[in-house]
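First chain A sits with chain B, and in the next complex the same chain sits with chain C.
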Partner chain A sequence: MILRELPPGELRRRLAGSGLRLRIGPVVAEILSSFRTVETAVALHYAGHEVVPDSDFADFHVAVEPPPGVRRWVAPQAYFKFDDRSAFLPLPAAQAFPLLEWGLNWCVSVHCHQYLIVHAAVVERGGRALVLPAPPGSGKSTLCAALVARGWRLLSDELALVDLSGATLTPMPRPISLKNRSIDVIRTFWPEARIGAVVPDTLKGSVAHVRPPIDSVRRAQEPATPGWIVLPRFEAGAATELRPLSKCDAFMRLVDSAFNYNVHGRAGFAALAEVVDASVCHTFAYGGALDEAATVFDDLAKA
Partner chain B sequence: MSASALVAGVLREPAQLRDSGMPWEALIRAAREADLLGTLAARAQACASLDCIPPAPRAHLVAAGHRYRAQQAAVRREIGEITRALQHLDVPVVLLKGAAYLLAELPPARGRFFSDIDILVPKARLPDVESALMLAGFATTHLHPYDQRYYRRWMHELPPMRHVKRSSLLDVHHTLVPETAQVALDAGALFRAAIPLAGMPGLFVLSPADMVLHSATHLFHNEELSHGLRDLVDIDALLDHFTHGHGEFWPALVQRAAELDLQRPLYYALRFAPRLLGTRVPGDVAASVARHAPPAVIGFLMDRLLAAALEPAYGRASTRWARRALYVRGHWLKMPLPLLAWHLGVKALRREEPSPA
Partner chain C sequence: MSPDVVWRALNAHAIESREWNGECVLYNDVTGSTHQLSVLGSLVMATLLAHPSGIPITALVRRIAHDADDVADDELQAAVEQTLAALAELRLAASVPI
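And now, the complex of A and B:
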């Protein structure tokens, strides 16, 4: 059963009581939260995700909850808990849903060493993956949202899960996190996008999430093979430009962006080498002309 | 069945992993909380291939396998760096706990995760050792003057050191229990009995008896019980190994506990390891250490507190309360009462400053 098919009131009952077990790509997370903002956001963003029965294996048990004591009411806070233990410092309660999203990223990146995990957005067309590794602020998520708007399948906005044996990429479709000005940019570019509440004043500025397309979520068990590695760089007013990149440079960028390269040693080197070998590598500069940008990638996919 | 009994049972008999009724989620979750996923992965692999395990829990064991292999390789490299930093001092360096098990290739090392490296050096050489480690890039942590004084004046170790580039953590000990504890432990005896590591000049591990006693002391004297089950698994694996290798191991262990004034921790270790892990302890040894049992009321309380504290903390208020009680007990053993009152008072009144470490 998918989340939006739950009977009325059932989502709240599960989030506040027995736990909501959601299949999110290769993992199942059991989520608890008494925050209404979390309930609303989960209902929107995870509408197409599969709700699994309580008897199914859950990989992670997480909760976003208010603290005991006065901070429940006075300048209220939200804690992210993993196995009942607070995993980070609390944030203001208004940021409860972004906190859940960051917490889920954390769960995967510190535990799922069956993959080599790279900080990158991944989208797919024709079975081939476009990997966009980039540091924060490079316009990775904006570009990712624009490509998804143009029909690319979303694998992940944040975490590229590279299989160590065959260098395939495993999807984990979740909400795309937009920051600051890119929220309005995407509203204009993609009017049909389902964008959740804007949460101001986070560590990363204002944050809003875009619901992943239902089709991407439905195909979450379909891996993709490496096709392109593109290093995006946003610079206000810059001309749209796709330039070839040496495989060495692409490889080093993947290493720099990997969360657990140190865990995998030689096997990690080999897996990344395979991804780079199988990919056409470029850098991409853009200044906000998303139409032009999307066309460049459409052409790249046709070539 | 309690979660710790579930994990302990599977560690004892990994063949249970083929059972169709295995509660996988409870097992993986409890093993992860106890920091034993790597050990579980290694034991599962040794008994059969991981293929007989359903894919979802298997992924956790595969991930844990990658993690422990990487950590163990890193610990070996780090010990090489530490040895190089100290070799000109001509000081015996005794590896403790995980690092010792790993380099001496003892069974508890199989699949074990590491958070830091512990070494023991003679107290008289502590200043030289600390300077040499600083020159090699290790910097002290806990920069607050009170913390520095706490470690240097009262504890059995320097404040933890962290390498500025590699971020590896190193605890430099000069004995096994705090200086303020009511235990008459002669650290010199540890060095006299230490065993050199073949092919690694200057590096030693504790003698088998001392190794077990240190692990028992660490578990039953410590105020931190969150890794209690893992400590007990170490003790079980050590006892099992030494029983098979050395005929005179058990009498030597009992005698050594008397010499080092560590009979009480040994009593607890030999009470709890068989209970949870089925460790085989000869009857005469059990009878002999039972003389060092605490008074009946304390024994009754400790049985219940330890059993609760060894359970995972999620969803269980009793575990959290038991760990709090044992935390107080750990401090009580660590320091005489007036000093303890002073210490806790300072900690309570101090404004917590963000630690740069």
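And now, the complex of A and C:
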């Protein structure tokens, strides 16, 4: 059963009670929260995800809850809990859903060492994955959303899960996180996108999430083989330009962007080398012309 | 550099490398560090790894000149010496007395 097929009231009952177990790519997360904003956002963004029975194993047990005492009412806050322990400092309650998303990213990046995990967006076309590793502010998520709008399959907006053989990338489709001006940019570029509430004043500015396409969620058990590594860089007003990148430079960028490369040692080196070996590597500069940018990648996929 | 030494790779058993278009990336399992080497750095390292008991610098320069279809002149020798010093600093190579 997928989440949107739950009977009325069942989502709230699970979030506030026994926990909602969702299959998110290769993991199952049990989520608890009494925040209405979390319930609304989960209902929107995880509508196509499989709801797993309570009796099934959950990899992560997480909760986003208000603190006990007066902070429940005065300048209310939200805590992210992992295995019933606070994992981070609390944030304003209005940021409860972004906190859940950041918390889930943290769960995966520090625990899923069956993969080499790279901070990168990953989309797929024709069975081949386009990996977009980039630091914050480089326009990675905006570009990712634009490509998904053009029919690329979303594997992840944030975490590239590289099989340790280096032969495949495992999907983990979750909401695409947009920040600040990119929210309106994507609203204009992709009017059909299901974008959740804008949450202002976070550490990253205003944040809103785009629901992952149902088809991407449905195909979450279909891995993709490495096809392209592209380092995106947004610079307002810059011309759209795709340039070849040496494989060694691409490799070092993946190393710099990996969360757990040091955990894997030789195996991590070998896995990344396989990914680079199988990929065509480029840098990509763009200045906001998303149509033009998407066309560049459509052409890349055809070549 | 002293002619009475040979150069060899340090912890050769712990090194993994991958070469693309003459450049290479290299992982050292002893230090946990990953390095990107230039074309010359890659040639020097590959030559050292192919000579586990060590190689004198003059022979190293000749070998690299041969592999790179270059001339074993003073300029190449200076570049190789500079590369060896950099590799030593990264704990990838060391000189040992003959």
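Methods note: the second predicted complex is superposed on the first by the 302 of 303 C-alpha atoms of A that agree within 3 Å, B and C clash if a C-alpha of one lies under 4 Å from a C-alpha of the other, contacts with A are read in each partner's own complex, and residues count from 1 in each chain.
In this text, contacts are C-beta pairs under 8 Å (C-beta built on N, C-alpha and C of every residue); 3 or more make two chains touch, one makes a residue touch a chain.
Just so it is clear, the model here is predicted, and its values are computed rather than measured.
After superposition on chain A, the partners chain B and chain C are accommodated together without colliding. In the superposed model, A:G265 makes contact with both chain B and chain C. When both complexes are overlaid on chain A, the residue A:S246 reaches chain C alone and has no touch with chain B. By the touch criterion defined above, A:F57 reaches chain B but does not reach chain C. By the document's definition of touching, neither partner reaches A:R125: not chain B, not chain C. The angle formed at chain A by the C-alpha centres of chain B and chain C is 70 degrees to the nearest 10.
In the superposed model, A:H45 lies in contact with neither chain B nor chain C. Taken over all C-alpha pairs, chain B and chain C come no nearer than 8 Å in the superposed arrangement.
In the superposition on chain A, the residues of chain A contacted by chain B and by chain C overlap at 262, 265.
Contact residues on chain B toward chain A in their complex (touch as defined above): 24-25, 29, 32-33, 54, 56-57, 59-60, 62-64, 66-67, 69-70, 73-74, 312-315. Per the touch definition, chain A reaches chain B in the complex via residues 26, 28, 57-59, 61, 83-85, 111-114, 262-265. Contact residues of chain A toward chain C in the complex are 246-249, 251-252, 255, 261-262, 265-266, 269-270, 273, 276-277. Across the complex, chain A is touched by residues 16, 18, 20-21, 23-25, 27, 29, 32, 34, 36 of chain C.
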